Every structure is written in structure tokens, then in C-alpha cells.
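What follows is a pair of complexes built around chain A, which joins chain B in one and chain C in the other.
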Partner chain A sequence: MCPSGPIFSGFEIVLDYYVLRVVQSPASIYGQRHTKLHNDEPPNAYNLHRLRFNLPPFFLPRLPILPPPTMAQVVGQQILRDPALFYWILFPITIVMILTGVLRHYATLLLQSAPKPLEAKAIREQKNYLHGINLRTNANQIPLSSFTSRKNYLVQAFQAGNFLKDPDAKNKPPANPMSDPNGMDAMMNMMKGNMMMIVPQTVIMGWINAFFSGFVIMKLPFPLTIRFKSMLQSGVMTRDMDVRWVSSLSWYFLCLFGLRPVFTFILGNDNAADQTMAQVQQMNPQANTQQLFGPGQDPAKMYLAEAENLEVMVQHEFVLDGIEDRILARI
Partner chain B sequence: MSVTSLLNRFKSASANPTPSESLALSQLAPSILNLTITDSPEQWALYESLLLSTLRTGDDTSARLILQRLSDRFGNDNARIMALQGIYDEATATNNAQLEEVLKNYGDVLKDDPTNIPVAKRRITLLHHLSKKSEAISALATLVDLNPTDAESWSQLAQYYFELSMYSQAIFSLEEVLLILPNAYNIHARLGEINYVAAEAIGNSAGKEVVEKLEASLKWYLRSVELCDGYLRGYYGIKTVTAKLLESKISASHRTIPEEKVNKLNSAATVQLHDIVTGSEKGKKGFAGYDLAEVAAAKELLETTP
Partner chain C sequence: MNAEERDLFLNPIVPENLIANSKTISDLHSLSSSLLGIAAGILGLESYTGFLFYLLGTLFVSTLIVTFVMGGKPEVYSRGGWKDVIAADVTGGVMGFVLTWTLFFGLVRV
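Presenting the complex of A and B:
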């Protein structure tokens, strides 16, 4: 089962069907560099692979002698993997990913500055805007006369800009969001968060690329379609390898996106370790900040729009109309 | 006991606990304070509730300790902690001069930071307590101008106006609450009550205005029981208002709800009240949780008016 040199030459063509196997201990990569072929070695795919990963010649991949495939039979791919692959690649990547997540969580907590409380005028501006929306949505809860008087008052006040933070800015173009100190603060926070994502990811990916690139480390217990190949076998450029084989770089990506339950288990629900969470939060900034008017939005215009919305409300159906009949019908 | 079960005990207590209830809650203090601090939101909510209970029962030493732990965790300049500190100062004050001192402190805090809503609210309640009612109302009006979407401020304002017999203002404030919380059945019933009292205040005549107010009151009550089946206060109100509408000599031209419907509503409310009273007294399933004082009042109403 351990054929020596000459036998290989006969199998060069089949190599693409049987796929490289990587059975050597990864510890060998830390040793001497092996950049030359042996004198009597014909350059073939195995040798080139060995050179690419600096493997010593005595770690020649072993190849079982198999009959060449016929057109009719589907080739089941077999790769003998050294258990050391598990201990030295799969396990370390997972552990490092978890530890980085935990570290990122605490670093984010440390770096985040508390949102600055709003000024009284800003609160007034936002809440009165909400008041208008409330009146519009729940108009039917109050009598028509109450509604009309409120509507008239709010429309007049909204149009006059009585609730604006600075009424003078009504006719000016909206200020540049970059010059707004509040906006700067928010942007700074966002950038800190992004850096917390980008820096560790770059470092870890570099580390994996430098040390573990090209290893096939596990086989998924279920078949997948060819589309998953780029996802699962990044770093291993073998055209005909089955999609079920997962490379080390792909394992890194799977860890990156799939560790959320683990972080939830370790750190609790609203942790900052998982980057997908952060992305969701970036998507709807209104949900967790008290800023109603985002930077760049002109409150004066929003007030005018709301005044118009109120003005065009003509239909008013008081919920108390006919309530006695509704109750009598129910009893 | 765990934090959650303790917190549930506080949550299940009524909003205006009787002295014995407060005492029972306040006596949980040692077991709560001996729990290890896990820094969970529930635990701090528990601490806050316990602080109020201990202050009610005069356990000032425990209250001091709780407040100390809260301010150690959240800092003395936290708005909420400042308000709790204020409550402690108010509760431990022995005379009006000390209360005035607390009031002055609130004023100083608000001068630095007018957006400190908890302290602003404490200041308003203290003003009201010190019988400076118009000042309290004007301070509350500034607060609702700052934040007109705060239901608590509006309902408090309605209460203050009601106490001064300014019924239309009180109704206006409660309508604002409804704009924020459209399904608050207790607020609907409260609107019914205020309309009823306003009708009473006009006089005993059967004029058009009185009938209008009584019918408005009836409708608000009806809405409250529409939103909440078995709302004792709502049925009580329906029964009272319909009785009023039936007894007074009201010409049919003033009415918008015909007399037969009023009659039917009256008997329906009587039946419901009867159900609630007997169900609650016998401890039937589905009739738990009624305020005993309210049930007693309903029973009395049923006995006096057939």
C-alpha cells in the first residue's frame, strides 16, 4: 500500500479524479523548507503539491492502488486524513474564533461611549413631532370637536415651526451632517464598531492563510450541490473534488458566521461578539438610538409634511358613536 | 427565592398597597439584600420596588442601604437615582421646612439639567403636596410641552385639574392620554367619571348640557367595558349614570340615546355587577383579582338601588 516512485507515473492522469490527499502531520511545515525535487523524481502533481506546502519527501502522499475509473461508475472520493488535522487545524481555528469573539465583545463594551443625552430643545422637537403622528393615528379615539381643535392648533404650530430646535434654520439648507457634532459622535462610534470587526478578522484570516491554507480538514456528512464549492473549498483549487470536503479557510468562514449560538450561550443575548448582529443593528439605527431625525434630515420639512398629513385628514369616525348598540348587541 | 419570583411578588401587589401588604413586601428586605448581586436588570428593578416598600413602612435603614447600592452601581448623577434619592429625602423629612429644602435641591438640579424628567416629576409631586397646586400645574404644563407623548404626565395633569374642578381641562388631558394609549380602558372609565361629576356640578336641572354630559359619560363607560369584559368600575359607572338618566325628567328632545336603550343598559349592568359581586365573594374561578373595596361598593350600590 505504500508504493514508491515509479508507480506514480502511471497514475498522473488519474490524479484529478482521485484528488490529492494530505496525510502528513502539519507540524512538518514548521521545519525545514523543501523546495527541490529529488534527483530521480519526475515532476508530477504530487510532487508539486508537496513543494507548495514545504513537505519533506518522506511525507509522500500515499495513494491506494485503485483501478482507473470507467465511464459508467461514479467515483466515490476517498481521502485518508491524519487525525492530527483535527487537533492542529480544526480545533485551533474554532477555539481562536470563539476567543476572538469573546474578546471583541469586551473590547466593544470598553470602547463604546455612552450616547449623549439630548438637549431639552431637541427632545421637544422630536416629541412634538410624535405628538402629531399620535393624533393622526388615534384620531378616532377622541370626539370630533376635540380632534378639530387639536388639529388646527398643531397644523398652525407645525407650519409656523414653533417646535423647531432653532427656528431660524427653517429656510436654510440642511447643515452638512459631517459638521454636526452629534452626527460626528455617532459616526465615530460606528467606526469604532467597524474597526472592532475588521481588525481581528483581517488578522485571523491572514493567520489562517499563512499557516493552514490548502488543507482539507473535514467531510460533511451530507451531499451538497456544486454551488457550495466556492464557499466550502476556498483555498483548495481542485476542480473535481467533491463539495463535501471542507477546507480550513472555509471552516474559518463557517465559524465566522455560525458561532452566534455559542456566543449567546457564553455572553448572553445582546452581545457584541457576533458581527451579523452588529450588521442588523446598523441596518435600522432608529431602533436603538433616540435620534428620531437622522443627520441630514431637515426637521422643518418633516414638520411641514406632517402638518399637511394632518390637514388632509377629513374622515373622522368617533369610536364612541353607536357604542350603546354594540354593547346591547353583545349582552 | 430567586430574583424573578421575588420580582413577581412585587409586580402582583396592587398599585396602592394596603399597610399590611406593604409590610409583607418590606419584610422581604433581608432576603433580597442577602442575594448576591448579579447585575441583572431584574435585580435592580427589584431593588427599586423594595426601596419604595421599605420607605412606606418606615424601614429607613434598609432603604438607605438599597439606595447606597443603587448609587454605587449607577452613579449619583444618574437621573433615576437622583429621583430615588429625592424620594428617600422626602420620606425621611420630618417637617415642612425639610421638605422645602428638598424642593430647593430639585430646583437646583433642574436648573443645571432641565431634561432630568424623573426629578422634574418629583418636584411637581412635592409642589402639589406642599399645596402649591397652581405651581405644580404650570410645571406639569411645561413638562407636557417638552414631551407631549408621556401618558403619565398627562394623566397626572388631569388629576390635578380635576381636583381644582377644572373639568374640561381634565377631560382634555385624558383625551391626550387616549391619543397615546388608545386601549386604556381605565382612562375611558375615568373620562366617564369626570363627565359625570361635571354634569353633577352644573346643577340638578335637566337641561340640555347636563344630558349631553351624562350621555358622554355613559358612552365612555360603555367603551371601557367594551375594551375590558368584567371591568367592575365600568359597570358601576354604567349603572349609576343610567339611573341618573332615567330618574331625571328629561324631555325626549334632549336625548340622543332613547330611554328604552338606557333602561336595557341599566339592567344589563345590574346583572353584570351582580355576577361580579357574587363571583368574587364565593371566590369563583375567573373572578379573582377584584379590589375588595370596589366589590363592597358595588354590593352597596346593588342593595340601595334595585
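Presenting the complex of A and C:
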């Protein structure tokens, strides 16, 4: 230990050819960061490769001076890594992840088949059902008399099954979704979407495991519990290494979850490069009408249920009731 | 019909505008969280200090959004007012922050 040195030595650029050299460094806990690591070793060629420069002490915050460690305390670990680890592992993984996202986005756009034009009766069936729903949700926008007459007409027509595409199919069991061509189409679309997610992830994970396992490439800036060790340090068989040192697979996971801002700025907000976007698409109203009349649904039963919903709607409050008072109150 | 529903019914909100606004806010937040991560990594912040830095930075960015982008009237642009601005897209923001934080911490500090 050399007490005369600066308390915190600032930047050190350590250029050496040794990868993954674990050095137990009590000095780093005192606040001296690898200034005295190799004090006991005779000067050799290895030390000559160490190039360091110190910034003036006011430039960087001083580390607190801790009491000397007892035996039970974990000694701070310092690992000198080859900069080539960054060039050959970290940057390739990052670039591949970004490009995969871009590729997934455009592949999703290409694979999306336009919905097939429906025949006139099927469109009539869907739109009249939506008419019922819209009347129910917007009932308060029209006067009670208008609402009642529309309701009476729709309930009567719904119960009679006037709008059904296939009125004779009322009592038949629903068709098998596998044999229905429309159902097959929807399922193929869903399959495509899932494949676009699963295939690249599997391939990239295999690629990382095959090429980059066993390297410690970076140190997380925050501590983690010991449970993460088996996951984050997979392939590195060092029992005592701090959990903060992580392997390339962890960087892959960080990229997987954290690259969404990057995609947002490359591809725009509505991109398909990320998994989270898939959930947003389910809220798309256009997709919802398709799902309403999806395979396995019985339109006749849906119409009967909707007629019942309309009938039991008793509360009606016209939006223009009391409009004079509200306007006068606002002036 | 309770009071809140009634209020929404009498003063309706256009959902498209609401969605566009929240997209703009989350865009700003995700960009700023990535930049905050770069800053934290270069500064060499660790563990709690880094997350505290993110928290303060996000609050600062939210203040800027409320003051300049929304002109000081957040309730005109989102239903929850300034709370919506702060709470927009927290998970995505934290993930982006951690990614760039780790990257630049590794590049500059370790």
C-alpha cells in the first residue's frame, strides 16, 4: 500500500494483452483504484503496457475512504479486459439486435396479407351488428324518441335474424374453425406474427451461446442479488466472481428489452420491431370487428344477445337536456 | 351515470388526439431516458445514485414538457394532467436507461 499516492487516480487506460485477469484488489476499497495492483510483481513487459494518465483531482468526485476490510467482507474485484471484447462481442451483438428489429419490422409489413374482401351478405351481417353496438354506446346523443324507434326496429330485426348471412344455419353447430377458409387465414396471420417473434430470438440466442459464451464482457452499474448469478454469468465457471460482472447473454437480454427507444427513432412510433407493439395492435378497433366474427362464433346467438342488450337499456339521458343552463353557467 | 362519466359525456374527449399526445410524450421520455443513461454512464454513477439520477432527470424532463411543449396547461392535453406526463411509459424508459447506462459505464469506466 502506498499512502502517498493520490486518493483517486481518475481515469486509467490499461492496455494489455491479458483477457479476463481477475485481480483481487483490496486497494480499490481504500479508494486507490488499481494503482498498486502489481506491486509485488517484478517489473516486466506486462507492466510496460500499462499507460495511465491522471486527471486533476478536482475534476472527478473523490471516493469515500472506507475502513480496511475484515475477512468477512467481499473484496472489490477488478478485472482487466481486452478492449477487443468490446469490438468483437459487444458491438456485434448490439448491431445485430438493432438490424434484427429493423428486419422484423419490414418482414412483418411484407407478410401482412390484406384482409380478403367479404361478400355482400357477410358485410351486411357485420355492419348491422356494429350498428346495434353503436346505437347502444351513443344512445345519449339522440333524443329518447329517436332512440326508441331505432331500438324497436333493430331489436325486431335482430330477433328475426333478418341480417344473418346464412339464416338456415341458425340451429346448426358452428363450423370447425380448421375447415373454414377464413378461419385458416386468420390463424395463418397469427402464426406469422408469432414466428416473426420467436424465430429471430431463438437464432440470435443460439448464435450468442455458440460464439460468445464464457466471456465476461461488462460490469453492470448496479448490484444484483446472488440469484442472478447462474443466469447472468452462464458459461463463466467462476464461483467467487461478483454478480455485477456479466456475460454476453445478459447484454443480449438488455438489448432485447431496452432497444425500443432506438427502434422508435429509426422506424417511427408504430413499428413492429418490438414485442410490446403486438399488444397495442390488439386494441386496434379494425382488428376487433374481424375478431368479433371470428371462427367458431355463432352470429345468430350474437344477434340475439345484442337485441337483449338493447332491450334492457332503460336509462337514457339526452345530451342536450339542460344545455341552456350549462351554457349560461359557463358565460 | 356517476359524476365522472357524466362529465366525460358532456365534455367528450377525442381518443385519437389523446393517443397522439401520449405517443408524443412517451417519445420524448424514451429519447431523454436514453440520453440520461449515456450521461449516467459517463459520469460513472453506480446503483442507487444512477437510479436517483434517472428519477430526477425524468422529473426535470417532465417539467420541461409541461412548461414548454404543453404551454403550462397539461390538463388540456391529457386527462390526468401532469401526472400522466410523469408516468408515461415508465418501464420502457427504465429499460432504455439501463441499456445505455450499462453500455457507457462499460465503455468509459470499467
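Here is the rule we use: the second predicted complex is superposed on the first by the 199 of 331 C-alpha atoms of A that agree within 3 Å, B and C clash if a C-alpha of one lies under 4 Å from a C-alpha of the other, contacts with A are read in each partner's own complex, and residues count from 1 in each chain.
Keep this in mind: a residue touches a chain if its C-beta (ideal position, glycine included) is under 8 Å from a C-beta of that chain, and two chains touch if they have at least 3 such contacts.
Owing to the predicted nature of the structure, the values given are computational and were not obtained by experimental measurement.
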| item | value |
| --- | --- |
| Partner chain in contact with A:N194 - chain B first, chain C second, else both or neither | neither |
| Contacts of A:A120 with chain B and chain C, given as first, second, both or neither | first |
| First (chain B), second (chain C), both or neither touched by A:V319 | both |
| First (chain B), second (chain C), both or neither touched by A:R260 | second |
| Partner chain in contact with A:N128 - chain B first, chain C second, else both or neither | first |
| First, second, both or neither for A:I331, with chain B first and chain C second | first |
| Touching partner for A:Q112 - first (chain B), second (chain C), both, neither | neither |
| Overlapping contact positions on chain A, where the chain C interface meets the chain B interface | 319, 326 |
| Contact footprint of chain B on chain A as seen in their complex | 117-120, 123-124, 127-128, 130-131, 134-135, 138, 141-143, 146, 319-320, 323-328, 330-331 |
| Complex interface listing, chain B residues touching chain A | 114-115, 145-150, 172, 175, 178-180, 182, 216, 218-220, 222-223, 225-226, 257, 261, 264-265, 268 |
| Chain A contact footprint on chain C (complex, rising order) | 1, 9-10, 23, 27, 30-31, 33-34, 40-41, 45-48, 50-51, 92, 95-103, 105-107, 109-110 |
| In the complex, chain A residues that touch chain C | 79, 81, 86, 90, 94, 140, 217-223, 251, 254-255, 257-262, 264-265, 269, 276, 315, 317, 319, 326 |
